[in-house]
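Across the two complexes that follow, chain A remains constant while its partner is chain B and subsequently chain C.
Let's turn to the complex of A and B:
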């Protein structure tokens, strides 16, 4: 058996974080080349500062200045840095206990090679030139007995942006695969549940009602009925089709479940439940393994289907 | 199963952007109010249950871990619940079960969403390969099913606008509501922009930052108590051949189980107030039918007759509901907490006079997760 089709799926968003009083103070101070901790109910100084005490759960208020120098309490060598990590050359992730703190901060140490770093090694912050109020204002720590750079003035920050980017490989299921390969030839392949005899388009690995594999393959035509629809007038981030457009549930003739597709060739106010439609395919040379081979559906001109013929598919 | 009661409720001032607080601070605003309402301290809390909608909404994986300090959960059992938009309701039910089963005496249930940190519409419309990119967020998902309801029930067009106007007016009586629109009218709703035809702008829930918390206990702690008479949850797949998206089987089954457990045979007569998850106005009549308050196709008539107003036969969403505040993860627990507030008599200006039995309801995903409870002023 050939490998099922797969395609990249990249999901990314620049999340914003409102920092609140505690992390806001911490990150504002990093911008000033200062490191601030907070004193817990048991006297321990937490760095980064905690908004709520881990012992009493009460809100903490007593900020404490700590040094930008400290001691490595534990480390792990990263021979091949990944996208988004602090350094693009081999480095150590380390738990650094800053002088004046009772807890350790996780950060990168630019140690050159694993034989240079050890637990107990002295380090200092290497401050970034352009600081924005983020943990990355400390570019990394470096092995040194010397003090870090002096503080400087800077405005407070109340928000940070934390981009998150996920790169997936999306693979079709073994059932979806012949369906997608069929689409590449302009064929609409469905499967029938051997138990309830419902016809699924697109096919599923198993019938969601009976839980049995849907093994019987059948081919459908590209004509069907609009069961229901909405007119999308609202623009939104990541939208692929410019509004307004009609997003319609199409029940192909012979299928027992409708799917969402685009309806064109008719004014939105003239679209009706029960309207008969046919597929408008893209030029053959543009076909790939996707439902997007059907550019859209358009009215076929046939009389509307009676409500009873699709009322069980709403 | 031993009795359990809500003994304290708390919520945040909901708003589009609560930029003044972190996620932890947002949760604590609700928690501190709930614990003060219950008259309990951290030493009284045995376990914490956190509800949150999809992680992609804030981009934080497993937020319960980094929030543990703020939730007072260090050294205690901490459980996270996730059932999409219904999660707040499921969180209440899970917390209730921990007390009813005798595992814990007092449990803190918390749910939150900080929608301003992201964009839920984007997060719900990620275009997966090989598919047609016609998805358009929750509104785009639900609008076709609203159209199906209107067709099946032959409801007049103004019903959706009536629900929206009522809920927003109710919201203006709720000091915590995100939207307060005392002067809204059916006509002004009908004049608002059509977003996802047939759903208009004013018939759509806002995007809110907010949190809700309740303390559930085996015994009253401060005198007031909303006794949990029944809980129910049911689930069904998003799509299957013959699925009824207007009147989902899972919702019908959950409601049947709920009324049976609560000993209620005629919900419309025996329930004094209902907080029903209505993110788009038409879901009021749809869920009235799904929950069994009316026969199929008749829900809109209750709305049209004004019977779902405060003072009507079944006040629905006296708090203003999801249409007035929608911190998604918290929205279900807000319904549950508001139901409890009604029977405890602590609902303030949106109190339903003499409410003794109330429903809290939540749904989520593609109308596939349902969670509900019935609370009453009498100990069972």
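Let's turn to the complex of A and C:
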């Protein structure tokens, strides 16, 4: 058996977060090439600063300036850095206890090779030229006994934006696969539940009523009935057709689940539940494994379907 | 308090990559069939369903809702979900049974780690302000912890390799394991580092898989199972997410959960330790002596289906009660970076 169709999907989005008084101070100070900790209930200085004490849960408020130099307390070696990490050449992850702090900050150390770094090694922050108020304003740490660069003036920040980019390979399910391959040939392949005999188009990995795989494959025609619809009057980002237009649920003949598609070729005020429609396909050379092979549906001119024929599918 | 027991357990084979979707349906349908069929139950006999999974792992929104298709949720069911290992879903179901609302529950977890890059996906569980933006990978973080233990004299690379060798050897008796075999710890030490001081064998493999456990209360449990695994202690605790604040060579939350759950005197422990040094750390934290059989299934070093592996530890520990080979066992699950959160479920058989 051939493997199901699969395709890459890159998921990318920015998280934009407000910082509040504690992290706002920390990240604003990083922008100024300064590092600020906070004193915990037991007197320990936490870097990065915590909003609440990890033991007593007391709200913490006493900021303490610490140095941008410190000592490696633990490390690991990354021979092949991954996307997004501070360095694109081999580096060490390290917990760095800054001078004046009692806890450790995680960051990268640009040590060249694993035999250059050891627990207890002295490091200093390598500041980024263009700083925005983020943990990445420290480009990385470097092995050095020398002080870090002098502080500089900069405005406070109140927000931080973190881009996230994750990469996946999504597989179609064994039931979606023949559906998608069928579409490439202009065929509409549905699946029937062997238990309740409901016909799913598009198919699902298991019948949601019975929890069994829908193993029976059947082919449907490209004609059906509008079960319900809405007239889109509102413009939105990425809209492909100027409003007003009609999005309709189409129940293909022989199917038990309607799907949403575009209805054209009829004025919005003339659309009605029960209207009979047929698919308008794109030119064959544009077909792929997608429902977009059907450009839209249009009225077929047949008499309306009686309500009873689709009342169980609303 | 009502007596509640684990009465059924099933899991998929642990494999490097499946062809299925990331919503788990293809993995869940067969194990629901297996676990319910084995107990002579159907879906309508289950009073509460609870699952653990992650949308970041699945790379799609509301993947756990799609997963409900595997149940066949008609007529409507009572259902809940945790964005954690399903061991915590089991805890929720246990509380539901304790409250007397229902007599049975089916808990499941699933994860298709092969769909994405697990080392990067795991960065999404870290502090989003000062840690995630650096994209620390799970192996790199665990490497720091391993080195701290080595430099403090708590374990060494050879002891870590011995844990891996023991896991593979134990997994020979587990037909669902991903990694098994006779390997020599000294030979393992000749292999290159992946995140010095960690070598490949120190890290749980990337696994696709799912697991399901059935809970039942009182007489219902006795009807369903000849030798129910009665839950006598079920506790979870959490440490600070700020791991630069913690002593990483131990796990206060594991110590506390083990004490509260009554880990003393267990004969078998299934530990959710995705890295070899964490198994050694957890043995110490839970006070498990040499007389305790640890990870007879091979543990997660032999197969690590994310969001199901902790639940499967409890299932494996319960199985030793069901088959009569032990009378008191422990299943452990962890969540968060570097053993931040720990759950201990102690089970006993009764004659």
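Throughout what follows, the second predicted complex is superposed on the first by the 298 of 314 C-alpha atoms of A that agree within 3 Å, B and C clash if a C-alpha of one lies under 4 Å from a C-alpha of the other, contacts with A are read in each partner's own complex, and residues count from 1 in each chain.
As a convention for this text, a contact is a pair of C-beta atoms (placed from the backbone, for glycine too) under 8 Å apart; a residue touches a chain by one contact, two chains touch by 3 or more.
Everything quoted here is computed from the prediction, not taken from an experiment.
Undergrad: For A:174, decide between first (touching chain B), second (touching chain C), both and neither.
TA: After superposition on chain A, A:174 lies in contact with chain C alone.
Undergrad: For A:70, using the defined touch cut-off, is the partner it touches chain B, chain C, both, or neither? Pick first, second, both or neither.
TA: A:70 sits against neither chain B nor chain C.
Undergrad: For A:203, decide between first (touching chain B), second (touching chain C), both and neither.
TA: Once the two structures are laid over each other on A, A:203 reaches no partner at all.
Undergrad: Check the residue A:160 against both partner chains and state whether it touches chain B (first), chain C (second), both, or neither.
TA: second
Undergrad: Now for A:17: first (chain B), second (chain C), both, or neither, which partner does it touch?
TA: both
Undergrad: Once the shared chain is lined up, is A:54 touching chain B (first), chain C (second), both, or neither of them?
TA: both
Undergrad: Does chain B (first) or chain C (second) touch A:228, or do both, or does neither?
TA: first
Undergrad: So, does A:292 touch the first partner chain B, the second partner chain C, both, or neither?
TA: Touch status of A:292: first partner only.
Undergrad: Using the superposition on chain A described above, determine whether A:37 touches chain B (first), chain C (second), both, or neither.
TA: The answer is neither, since A:37 touches no partner chain.
Undergrad: For chain A, which residues lie in the overlap of the chain B contacts and the chain C contacts?
TA: Shared contact residues on chain A (touching chain B in one complex, chain C in the other): 9, 11, 15, 17, 19, 23, 50, 54, 162, 164, 170, 172, 176, 207-209.
Undergrad: Sort out for me which residues of chain A touch chain C in the complex.
TA: Within the complex, chain A touches chain C at residues 3-4, 9, 11, 15, 17, 19, 23, 26-27, 46-48, 50, 54, 73-79, 82-86, 93-95, 103-108, 114, 119, 134-136, 160, 162, 164, 166-174, 176, 204-213.
Undergrad: In their shared complex, at which residues does chain A touch chain B?
TA: That would be residues 5-9, 11, 13, 15-23, 50-57, 59, 158-159, 162, 164, 170, 172, 176, 180, 193, 196, 198-200, 207-209, 227-234, 236-241, 245, 247-249, 256-257, 259-262, 268, 273, 289-292, 294, 307, 311-314 of chain A.
Undergrad: Using the touch definition from the top, list the residues of chain B that touch chain A in their complex.
TA: Residue positions touching the partner: 17-22, 24-25, 28, 42, 56, 58-59, 68-72, 74, 114, 116-119, 121-123, 125-137, 139-140, 143-145, 147-148, 151-152, 193-199, 237, 239-246.
Undergrad: For the complex, give me every residue of chain C touching chain A.
TA: Per the touch definition, chain C meets chain A at residues 19-23, 25-26, 29, 32, 43, 56, 59-60, 66, 68-74, 114-117, 119-121, 123-124, 128-137, 139-148, 151, 193-198, 240, 242-245, 248.
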